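What follows is a short report on a single structure.
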């Protein structure tokens, strides 16, 4: 199924050229950079912002929110899942709470978070944690419950202690699910970050979107959007690479979303 | 086999599974003794409790009545003394061939150097040289089967408990693996250098080809219907289609046929 | 299972009771929402019609945006599934677009479409169109080639093959896609309404549930109403999920 290099690279490249070309054409035709800046102006704005350090500050602020929030949220999700897998009673007790909170989604907490913490960095960190906790919790728990019983039996028959069964059978068996959950969590966290920064923060890429819009600098707005996209792709690629490195034993399904 | 102390002694064993839709009596009053170096195959129609018997002896399930002794000791839970080979091998997908084979010694706390030595010896014994570093999903069915056998042998268990270990193979590979299994078990060696084997299978010809005795189970509940001595000389590989073997297969099939038809009918209705 | 259900219900009831008692005992009424306060808020906002109307407005935006997304996404995805070269050209682009949180487009959407609600519809469309297109692509690609061969070998023409193999074959994947992208769309409409509300201040934006939350936040600072809104957002998510699952069972009884 693997196509040769030119076959893989040329079509996306061609399509990108078509998109950029039509964007340029429409922008030229409109001739109003406040309505639609051309790709060229956006590129210039991007270089400009990266050069004067503003963009770097915003990126660092956003990554700070993301790192802290994701660390807290994914950590809580992971630990709770492990505890639930170990103590069935805990799972029965918190399951209704999870089912109650999960559908509400991080976004709906924004006004409440603003009310509680005031506009500032706590709002995005809180929302990112909230959003990131659930997918990894659900996936990890499913992974731990779904361990093939034959593998547990095999471990026992080979003389593994209870502890070794957990470290050498349950953990590795659940790992692909954990990583898949981590990827889902990151996607949710990323969207929560942008939304929270837009509405309830005084720093970060999302906050900058409205800032530049105030000054009708649509070229800069677009530059920030481009950076959000690039960083999102990079973060996802990072987790994919991690999966590849850690669970290379698992038959790969690279096309699964 | 009289006069020898049996390795596996099963006396009036009964097992009832408790399920949501009532209890199911899987085994009733099973008596069976397997001597040192003896290869015993268990055959029977679907639902005769073959696999239940094996999991009780392995220690995965507790008997409802009766008892199972291995080397004079009552079975309570799985133990590395009793090697188990599972239906679909149950290889750890995240461990390479070598690491799968080394799992048992690792669990027993064997030192690294010795573990490596055991692994290498077994890789060579089952013919997996050059595949030590592959993951299970990169192996063919026959190779997985070899790996599972080596993993069981790595603990040097006193008895081998095998649950339809060849069922997932294509017919030609199965024939090859039957003879491989016999070779590794010690078909060409004197009986005192062999291990006791309890081998559950669907294949009557396989049971006749491999074993010293074939235990035929009846179904619902599982009972011993007959025990057929297989008096063919060893080594066996040349005797695959001997008239004597064919006669035994026909004899066993005659014992099972009616119940097998019933079983299929029930499964379909 | 039944015992578990009882435990779950008991847990929830206990939490709610403890919650209420803790708040009544501490006099925290204004700062933390309380169950009784939420009930009162629901009663008040249902009685004056503002809650149903806000939910309806938000949901209409989702329906509109989702319909547009389906009209664009499904044909594009199907075309990608049938033309590999197109898929290779477009898929990386769609993947990259997916990494841009839909809400990031709000400044531009407001600029182009105004604050009255069309900006939110744009965000909804953006949120739903990418998963729909990528899933339709997958759905068509994943149809077992042997089923197509079997269909032809049994003498079916292309129309019967489409009707009896390709469409039913893609339904399970598409139902999942609808479920996921509807969920995204619902989150996106709330985010868009919140962002628009924050941007232009209360009283003039789109009249959705998100706007209601912003007005509650900045004008009345009423935590009970805020909690009521969050509860409604959660309930609508659940309803969307259940609806899509039910649809899946009807349309693809051999799966799910």
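List of remarks:
Just so it is clear, A, B and C label the chains in written order, and each chain counts residues from 1 on its own.
Note that in this section contacts are C-beta pairs under 8 Å (C-beta built on N, C-alpha and C of every residue); 3 or more make two chains touch, one makes a residue touch a chain.
Fair warning: this is a prediction, and the values are worked out from it, not measured in the lab.
Setting chain A aside while the other chains stay in place, the touching chains form these groups: B | C. Distance from chain A peaks, on a Cα-centroid basis, for B.
The distance from the centre of chain A to the centre of chain C, each centre being the mean of the chain's C-alpha atoms, comes to 18 Å.
Inter-chain spacing, taken between the CA centroids of chain A and chain B, is 49 Å. As a whole-number value, the distance joining the C-alpha centres of chain B and chain C reads 53 Å. Partner chain C is touched in their complex by these residues of chain A: 3, 7-8, 11-12, 14-16, 19, 34-35, 92-93, 95-97, 100-101, 103-105, 107-112, 114-115, 190-191, 193-195, 198-200, 206, 209-210, 212-213, 218, 221-222, 224-225, 228-233, 236, 255, 257.
Within the complex formed with chain A, the chain B residues making contact are 58-60, 77-80, 82-84, 86-88, 90-96, 103-104, 106-108, 135-137, 151, 154-155.
Looking at the complex, you find that chain A touches chain B at residues 148, 150-151, 153-161, 164, 168-169, 172-173, 175, 247-251. Listing the residues of chain C that touch chain A in their complex gives 4, 7-9, 11-12, 15, 85-86, 88-93, 95-108, 110-112, 134-135, 138, 187, 190-191, 194-195, 198-199, 213-214, 216-217, 221, 223, 226-227, 229-231, 233-235, 237-238, 241.
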